[in-house]
Amino acid sequence: MTEKAVNNLSQAVLRHAAPLMFLVVLAVFSLLSPRFLAGNNFLNILIQSASTAIVATGMTFVLLTAGIDLSVGSVMFVSAAVAGKMVLGGQPLWLACAAILLTGMLSGAFNALCITWLRIVPFIVTLATLYFGRGLGLWLTETRAMNLPESILRIGSARIAGIPFPVLMLGIVVLAAHLVLTRTSFGRQIYAMGNDADAARKAGIRTNRIQFAVYVISGFCAALGGLVSIAQLGAVSPSFGNQREFAAIAAAVLGGVSLFGGRGSVLPGTLLGALLIQTIENGLVIANADPYLYPLVMSAIIFLAVLLDSLRNQQLRRSQRRIIRPSQKPSHG
Amino acid sequence: MYCGGAGNSEITMKPLLECSQIGKSYFGVSVLRGVKLALAAGSVLGLVGENGAGKSTLMNILGGVTQPDAGSMRLDGSEYIPKTPAEATGYGVAFVHQELNLFTNLSIAENLFIPAFPKNKFGFIDRPQMRTKTAELLRAVSLDISPDTLVESLSPGERQLVEIARALGQNAKLIIFDEPTTSLTSRETDRLFALIERLRAQGIAMIYISHVLPDVFRLCDEMIVLRDGEVVGSGRKDEFTTERLITLMVGRRLDQLYPTRDTQPAPETVMQVSDLSQPGVIEGISFELRRGEVLGIAGLMGAGRTELAHILFGLDPCARGSITINGAEISALSTRERIACGLAFLTENRREEGLLMDAAISDNLALTALPQFTSGALIEQPRLTQAVNQMAASVQIRGGGQHRQPVKTLSGGNQQKVVLGKWLLRNPAVLILDEPTRGVDVGARSEIYRIIHQLAATGAGILFISSEIEELIGVCDRLLVMQRGAIAARFERAEFSREQILGAALQSGEKP
Amino acid sequence: MKAFSKQTLNINRLAAPQSAIRNPQSIAAGLCLLWFLASIPFTPGLTSSNNISNIFSNLLPLLIVATGQTIVLITGGIDLSATSVMALTSVMGALVMSGDQGLLGGSAWAVPAGIAAMLVAGALIGWLNGAAITRLGMPPFIVTLTTMMFFSGLAIWLTKSKTIYNLPPAFNAIGKGSLFFIPYALLVTALLVVAAHVLLSRSLAGRWLYACGHNARAAEISGVPVGWTLTLAYVCSGVCAAVAAVLYTGRLETGSPVLGQRLLLDVIGAAVIGGASLFGGRGKIVWTMYGVLFLTLIDNTLNLAGQSHFTMMMVKGGVILLAALLDVLRRRGQ
């Protein structure tokens, strides 16, 4: 009886690893610094995490199909560079913003074409576009930091109905993604394809279209994340978006998205993962920790989250196996 | 939606499905030639043939996965040329596959409707409607489970019923069953057969593909036999006998599927198992295996036979009891150490656990014996190649000359021979076989039996797990029957009787 | 069944005359040669002995890391932490040996102790990756992603982002010196590459590595010590990265916390161009050598032709895509 209770408890802990860790992190930092719990600090966390969370949302679509998109950081860079060029060349701001999103979608479409039409594995395609995009971006910016006009910073700090622009964007993207994934045929087909691509094809799902769409979505989200980011920074540096792909993957995985496809969610999943990462960073800043320690703490926490997830899967497999055993009394009875 | 008994009155003598002169070839090699078949609504057609006879190609053509090079098909009187699986579904042709094609991470309801979900006025999935319809369909297949249950929590039998419910939901006029019973318990099989009877009464036409000939005889009205891509026999069920079917499938008279044994088990024990127990899995298993003996283990699906094999081989833990091989205790050893002691294990699913599908035949054959062909960490390639070639010849693998081609290009029977050869290279003292002839065609089966007998003749002990009682009776010297994780009965060869063995496997509840 | 064997025989017959394109090795080798020849007219000094030796000194560390990566890719894994291992071991070695701040600075033991520390650290990190993957059942991509972040963070933290100077001349000689005109670096690399080649093609462990890459579960049931084998692959990768760090650090004469940071993608790219499969079971050291040679040639020729960094990145991206595409076409042909 007690053994069973312990077992149930440990399963519950493992199942909700990410939210629990979130709570632990909150508790630890609020003990370390009273400023951490202040209301506007939470808003800060939301604002700071917006860009990565948006990119990670796009990544989630790709990961759900058991693919991967390593090119998001470069896509951010290229699309920001394109927009920067246009703004500095005297084009109107709205046109530049539209160009950012269009560039992102085109990059995504290029990835998608290579994957669906040429049948090259996503890892390699997006590795190649990572190189290509970074090179293209450096060429566009002439390897210099590009300072954008004041007007773009005004967008970043604007509030619409009292909600800061980055948070609004984040909210719209996450909500839309959540609805698409859980309430539309397209969303459920993504899950089906991630579970078994062959079976999906046999069931009449146009897997090529699904695959195409998720990479375009990922490119779009990367570009939008880049837009939010430059609206906050007001400049495009040569290292803009560098290694952002790892941050996005980490956020998704931290939120429980499986790299093997078919498992995970944007809400709460990926959003929680992105917030967790930002909360830790924010907490470390407020607690005056050595900045050099940030990556160490961060990677340790991601490691821990993935460890808990794999322990949960192992336990799940063990408990499922026992059900088919004959002398065991039916466990859901 | 599927409609109740209305179909009955609509049965006409005109065939529902008519294929004529279907031909298909790959890379200039023809796999189907002039195939002709007809099927009336409300009847069941049994399709039998060895693996590689062209059954799957024919089914792929019917299902729109590939297109024929020649011939024509008519469904319900009109031209039927499906270009995609989705198109075939649209025409009312549905499949229930051997490897179930459900999405385990989705709910039953979602699996029934994918890819075309009902939508509400906002364009989102209409969940209430989906749930109601699913509940209706689940009732039709007598499955009393919530539509929101995730498929991953269902048993294989339940999943199969969900597949059939999906076919009904797609208004299927023709349902094709491809080896549907391989992963079912006998109770689930009975339930499936009862359902097939009901569907027949509702006027749905079915094609039933199986290696289990008694099932084919029990269910089908008509039969058709394929061999080397051609129809070699077709007609009403009563025109066939099991012998005739086998002869047609194999193309030669197979007087004896089970070769006679010319050696007897030796008196000395090679493996002794006593009081082996693991809570919730097996209980008090004791037996001894003699040199040169083939000891069968019968039982229903889920009786704990595979689990016992895994425990014997050290893949699963075991709380109590002892296992000895030639007197040495092995129950505390790892799988690797047990292999070194002379244990070998052919698993029930060769794709996932038996073979490196993309690796060459020779690499697969060499895998277990590698340490024996190693001097100072390096492989002695010439000696290894020679041994591998000898083994490939002795188990009669039909494949490329140097055995460099990947195993996945071989037929099921030849793949199984590769697994056998891999273990024979180690000269095992005890070989555990878990369903060695599952999904293997008749010709390769008798060769596998021959190999097993040859191994027994060299003095190895063989533990033979199978769900086919005929096969156990044909091959084994002695039989254990497992039931609910324990040994329920033991039979000597002289007292083998199909009824008693089945009875022991079926006996329910408390042990006597 | 008959139909089947006929079919395969036919394919074999077809394959014989076209085997040139069917081999990933010949794809990479052909690309190398083509690129080299095509570049000669545009790049003055490409064939000068000075430049050839330059190509080699750029190629060697990359080749060493790529060798370790190939071993990991063969098992179906990936090691993203390899270049972080380079950075960390570079810093650790420097912290042991440096005359300014080293633990053993100035001592006669500095060089052997420093090199030993670097190799042990590399092996240890590799073992850590392997243990997390085999014992804790975590996916290699995430494990090595987090160790990549952690150890490059550690390298930066240890040095507060500064490079460490004043390494012993005996150590720098490993990166720059030579024995009868043959650079030490070349000797070390050749030794390591030959050892890796023998490991993969001739040894028991090599067969096990491929078997694990094809199907770990089946390998386990066939008596292959899967946990040990996979861990071995990551340890090899860690040690290779450490050796590369020794050569690189010696050549630069500084311990750098960002050493090799840009190499990661080149490493994976080289292995992939060489035909290693990300799904495991495929890959050879010789193939990877061609991949490495190709990427280095691109760098070198574009450099000589006065092209900038961004052109190189674009060309590399294109080349990786092209190699993958050729591989797809080759498989479709089968």
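Just so it is clear, A, B and C label the chains in written order, and each chain counts residues from 1 on its own.
Criterion: a residue touches a chain if its C-beta (ideal position, glycine included) is under 8 Å from a C-beta of that chain, and two chains touch if they have at least 3 such contacts.
All figures in this text were calculated on a predicted structure; none of them were measured in a lab.
Any chain touching subunit A that also touches subunit B appears here: C.
Annotation: A-C is the more contact-rich of the chain pairs A-C and B-C, by number of C-beta pairs in contact.
The chain with its CA mean position farthest from that of subunit A is B.
Note: centroid distance subunit B to subunit C, computed from Cα atoms, is 44 Å. Put simply, the C-alpha centre of subunit A and that of subunit C have 29 angstrom between them.
Residues 1-12, 198, 202-208, 210-211, 214-215, 217-225, 281 of subunit C are the ones touching subunit B in the complex. If you check the complex, the residues on subunit C that touch subunit A are 132, 136-139, 141-143, 145-150, 152-154, 156-157, 160-161, 265, 268-269, 272, 278, 308-318, 320-321, 324-325, 328, 332. Put simply, subunit A touches subunit B in their complex at residues 179, 183-185, 188-189, 191-192, 194-196, 199-206, 262-263, 320, 322, 324-328.
Contact residues on subunit A toward subunit C in their complex (touch as defined above): 114, 118-121, 123-125, 127-139, 143, 246, 249-250, 253, 259-260, 290, 292-296, 298-300, 302-303, 306-307, 310-311, 313-314.
Within the complex formed with subunit C, the residues of subunit B that make contact are 26-31, 50-52, 54, 228-229, 313, 315, 335-336, 339-340, 345, 347, 352-359, 363, 366-368, 370-371, 374, 377-379, 381, 398-400, 405, 409-411, 413-414, 422, 441, 443-444.
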